[in-house]
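Shared between the two complexes below is chain A, which has chain B as its partner in the first and chain C in the second.
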Partner chain A sequence: MTAPSARQWKVAGLALLLLFACALPFLVSSYRTFQLTSALSYAIALLGLNILTGWNGQISLGHGAFYAIGAYVAAILMDRWDVPYWATIPAAGLVCLGAGFLFGLPALRLEGLYLALATFALALATPQLLKSKHLEQWTGGVQGIVIMKPDPPFGLPLDQDQWLYFFALAVALAMFWLARNLLAGRIGRALVAIREHPTAAEAMGIDIAFYKSATFGVSAMFTGIAGALGAIVIQFVAPDSFTLFLSITLLVGIVVGGLASLSGAVWGALFIQFIPNVADQISKAAPWAIYGLFLIACMYLMPTGVAGLVRATAARLARSPRRP
Partner chain B sequence: MRILHLAAPLALGLALAAAPAAAQKKYSPGASDSEIKVGNINPYSGPASAYGAIGKAIGAYFAKINDEGGINGRKITYITLDDGYSPPKAVEQTRRLVEQDQVLLVFQSLGTPSNTAIQKYLNGRKVPQLFVATGATKWGDPKGHPWTMGWQPNYQTEARIYARYLLENKPDAKVALLYQNDDYGKDYLKGFKDGLGAKASMIVAEASYEVTDPTIDSQMVTLKASGADTFFNITTPKFAAQAIRKAHDIDWKPLHFLNNVSNSVGSVLTPAGLDKAVGLVSSYYLKDPTDPQWADDPGYKDWLAWMKKYNPDGNLTDTFNVFGYSAAQTLVQVLKQCGDDLTRENVMKQAASLKGLSQPMLLPGVKINTGPDDFYPIEQMQLMRFNGKTWELFGTPIGG
Partner chain C sequence: MEAFLHQVLSGLATGGIYAIVALALVMIYQATHLVNFAQGEMAMFSTYLAWTMIDAGLPYWGAFAGTVALSFALGIAIERIVIRPVGNAPVLAVVIVFIGLLVILNSVAGWIYTYTIKSFPSPFPGGSVLGGYLSRHELGVMGVTLGVLLLLFLFFRFTPLGLAMRAAAQNPVSSRLVGIRVGWMLALGWGLAAAIGAVAGMMVAPIVFLDPNMMAGILLYGFAGALLGGIDNPAGAVAGGLAVGVLENLSGAYLVGTELKLTVALVLIVGVLVVRPSGLFGRVLVNRV
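Our next item is the complex of A and B:
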């Protein structure tokens, strides 16, 4: 009998992980389930940002804006037109795909830090735009929109938090599957080529302009879907929920989790969801100082993110038994 | 003793049928023979972290109560969490308080957006959202949200107080209004118009501005041109200072009402120019710790002693420390009234049965009143006029 191949190991590991993820809401309190559900929504957002920044090398300080657009699309559809919650997810994705693509067109001319500044402006403007009186009749202005929490369908024996968790898990799996298929093939290689050497990529016949705007659009779509999910989980959207700080938090998430890594999005989501609470527990007086310490420690100990550390450890473990 | 406990209700059961509940101990999650768990969320970090002083002051007051033996023998366990003024974080922290820490009630959660975010959850779970720290008017809605109650005078109440003063003292006034175009400004506007009632035609001009506007100079010029002799200034600090200065510069001298959001001497009147602010009228309901007239007031002295012992890092000129102290006193009164029936239902019932309660750091004459249909605890304020140095109270506290 031959030893299982690396691919078989990987499949078995993922199956085990999925089983664990399905068991979780029955093992922890509904408060923890709620936290994990919002971590899942962050994971999708981080995945989107990671496609843009990790794979394609474009820095965005404004993804909180797409998260906000996704959240508001979901909230407005549910509040105004009684659209069922699950149908708002693809709608939010489509709107953000369009918004991201359109923003990506002019942003094409901007490289590196200049793009970062342009997206920074987007993040700054969004909360104020949401409050503006022209949009107020839909956005509810400063008051925001309160939305209903969905009940589990088909009389499933789950409470609302558990159902939302499974719903978010399903959406997250679909998005990760989509991202994997997108990045594993030709498109993924094109994105990396553009990141590494745009001139060489162009010489090989890659349409840089199209790829860059399309990447921006797809990235915004992921983040918008995450925003819609986040809105349903929190049951409330308001301009103050989507400040510049959210965009920075997302950037922190992908760097801590691991750039250009699918699993990095999950690690990053767990970090941005739970570490601020840990910091708050350690010190009420200066929670952000503690958070900063965590961040610096992460950067020193895991310069390639959690995903990078896990990969390196796994590689070392796989090598060591073969040594005499 | 134990037999007596059992025998007494048995023997007197019929005779005292009207009041047997008081003898029975009843608890909701978060209350027991030895403790009462009170939850709070406050922005200790982020853009609104100045408000964090309120959360700390509340904790310091509970520490004093615990040192004095607690409430009916029970100690208060105060759990306060940081939400950074972010609504999603507020939802998360509130769920932690209710589901993990199992608090009896959430007290003085701060900020209109955060409270809006958690209101549905707390009402759905039937957990009291008591004495929220925001001035919006929507917190007193016993029919729609029977588990939510405000505390401080709301914007509409304050506006009605100015309207009432005008009707009584200057019934032929021609009023010009300047307001910020958001829910805060509109709350004041509605209160003022309601207060004037049939005489709303006294308003001869209205102008609004956006928070994003650089100045309000052109609005001020328009308002002056309307010929108004009274001006109600519904603006946040930066714009309030601009309006005061501009009115002076264009030589417009109306009776000038300034909403109490912006009546800070340090951050509004000084930048505007103290000489230009002489004669402004505003209102308040707490004792200002910097006002020399309270120096020998026993309530102030107690507050000062408490500050020094329990809140030594707190700023003695900061009214947030008066605010937190006073709000905590109201909660202590509610919990005392609850006796041994510390259920969430009874907490709301007692919070809605405060009658004529005066407190040492509320202005003399300001009384807290609530009822099953009245979820607005403080509805009186006292007018005050700026004399070039400090605010001088005049008249007596009036209700809206």
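Our next item is the complex of A and C:
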């Protein structure tokens, strides 16, 4: 009998992790379940931002805007047209795919720093746009929109928080599966090639303009789906939840979790969900001071984030027994 | 017509503040080809320092000079400690460090001074002048803008240090060969930017009141001004800042109302970047592949 291969170990590990994730809501309080659900929605958003910034190298400081669009699409559909909550998720994804693609077109001409500037402006303008009088009849203006928490279907023996957790887990699994398949093959390699050396990538026959704007759209779609999920979980959307600081929070998430890493999105989501809770007890400003320190410290000391650290540790552990 | 003239003049006054912020951005861009996202928060922090000094009983202009000097030193310290280690890193890493700096300055100011709004004195108190078109403060701001621009022009044009800084920005390798300490020139650029930003903060604080988030919108308009005028050209940046101030006021009065000011800035920024990335007065850069 042969020893299990690295791939088999990986599959077994993921299965165990999934089992643990399914058991979690029965082990912790309903408030913690709510927090975990919201961390799942962050993880999807981080995945979206990471596809754009980590893999493709296009810097976005404005992904909070797409999160906001997703959240508002979900809230407006549920509030105005009584659309069932699960149907708002693909709707939000589609709207954000379009919005991201459209924003990606002018962004094509902008490189590095200038794209960062344009998206920074987008992030700052978002709350004001949402408060605008012209949109008030849909967005509810400054007051925002309150939505209802969904009940578990088919008479499942779960409470509302637990059901939402499993719903979010299913969406997250689907999105991670989608992202993995997208990035593992030629598309993923094309994205990395564009990031590393655009001229060489073009010479190899990669249609840079198409890939870049399509990546912007797909990235916005992920983030919009996360926004819709976040709105359903929190049951409330208002303009002031979608400030520049939301976009920065997402940036913190991918940097701390690990740029261009799938598992990094999960680490990053846990970080931005739970660290502020701990730090809030020190001072209102403390979570942000910690975010800032982590941003700079990660760039100096840990550019691959938590995911890179985990990978390096695992590699070291796997190597050590073979040493004489 | 009177109302229109009034809008244009007061637009020029706010534009003066955007122009100072744009100047500060140009200082760093010229030397390092980076746009400092933390510029607004640096200015905000300097303004809090000024507030502390005035609160402690210093006369206004004493506090003004002290703040400018202290900001200059802090700017140099930031370059040396935070920015230097990522000097050759990819743009993404540098932008992340800038955002980190922005967040830290914002939260530290909130921590020390709380998030409650404070009022800040104007050095030019009193009513309106020029037949009611402008307040004394607005006129003073315009004077300060032109003063800062004149001082910078004299510094870069007529002093050996200014020449060295220009040389270091234009051709670092050759400058190093003739004995210019290029690293220190970058640090000086940061110091100047911080000092100029402090002036902008102290000029705007009497209008928008002092709080940790006061500079966000102003920084955005500063970006728009710098881009419109050409981000590598100080005089162009001032012209761009003034133009953006007037545009903001006119669009606020006649087009979209005041509630969409930041969206106007967003449209301006994206528009300039897409249509004419080098700005009105900037040099067009050609990259060799």
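Keep in mind that, in the parts below, the second predicted complex is superposed on the first by the 302 of 324 C-alpha atoms of A that agree within 3 Å, B and C clash if a C-alpha of one lies under 4 Å from a C-alpha of the other, contacts with A are read in each partner's own complex, and residues count from 1 in each chain.
By our rule, a residue touches a chain if its C-beta (ideal position, glycine included) is under 8 Å from a C-beta of that chain, and two chains touch if they have at least 3 such contacts.
Fair warning: this is a prediction, and the values are worked out from it, not measured in the lab.
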Touched partner set for A:Ser41, first chain B, second chain C, both or neither: neither
Which superposed partner A:Asn56 touches (first chain B, second chain C, both, neither): neither
First, second, both or neither for A:Leu244, with chain B first and chain C second: second
Touching partner for A:Tyr114 - first (chain B), second (chain C), both, neither: second
Which of chain B and chain C A:Thr139 touches, first, second, both or neither: neither
Which superposed partner A:Gly230 touches (first chain B, second chain C, both, neither): first
Touching partner for A:Gln128 - first (chain B), second (chain C), both, neither: both
Contacts of A:Ser261 with chain B and chain C, given as first, second, both or neither: neither
Superposed model, chain A: greater residue contact from chain B or chain C: C
Chain B versus chain C as contact partner of A:Lys284, first or second or both or neither: both
Common ground on chain A, meaning residues reached by chain C in one complex and by chain B in the other: 128, 131-133, 284, 287-288
Residue ranges of chain A touching chain C (in the complex, touch as defined): 53, 57, 59, 61, 106, 109-110, 112-114, 116-118, 120-122, 124-125, 128-129, 131-133, 199, 244, 248, 251, 255, 259, 283-289, 291-296, 298-300, 303
Residue numbers on chain C that touch chain A, as the complex places them: 33-35, 37, 82, 85-86, 89, 91-93, 95-97, 99-104, 106-108, 110-111, 115, 216-217, 220, 223, 227, 257, 259-263, 265-266, 269-270, 273-274, 277, 289
Complex contacts: residues of chain B adjacent to chain A: 44-47, 80-82, 84-88, 91-92, 95-96, 99-100, 112-113, 116-117, 119-121, 181-184, 210-212
Contacting residues of chain A [partner chain B, same complex]: 29-31, 34-35, 38, 128, 131-133, 141-144, 146, 230, 234-238, 240-241, 243, 245, 280, 284, 287-288
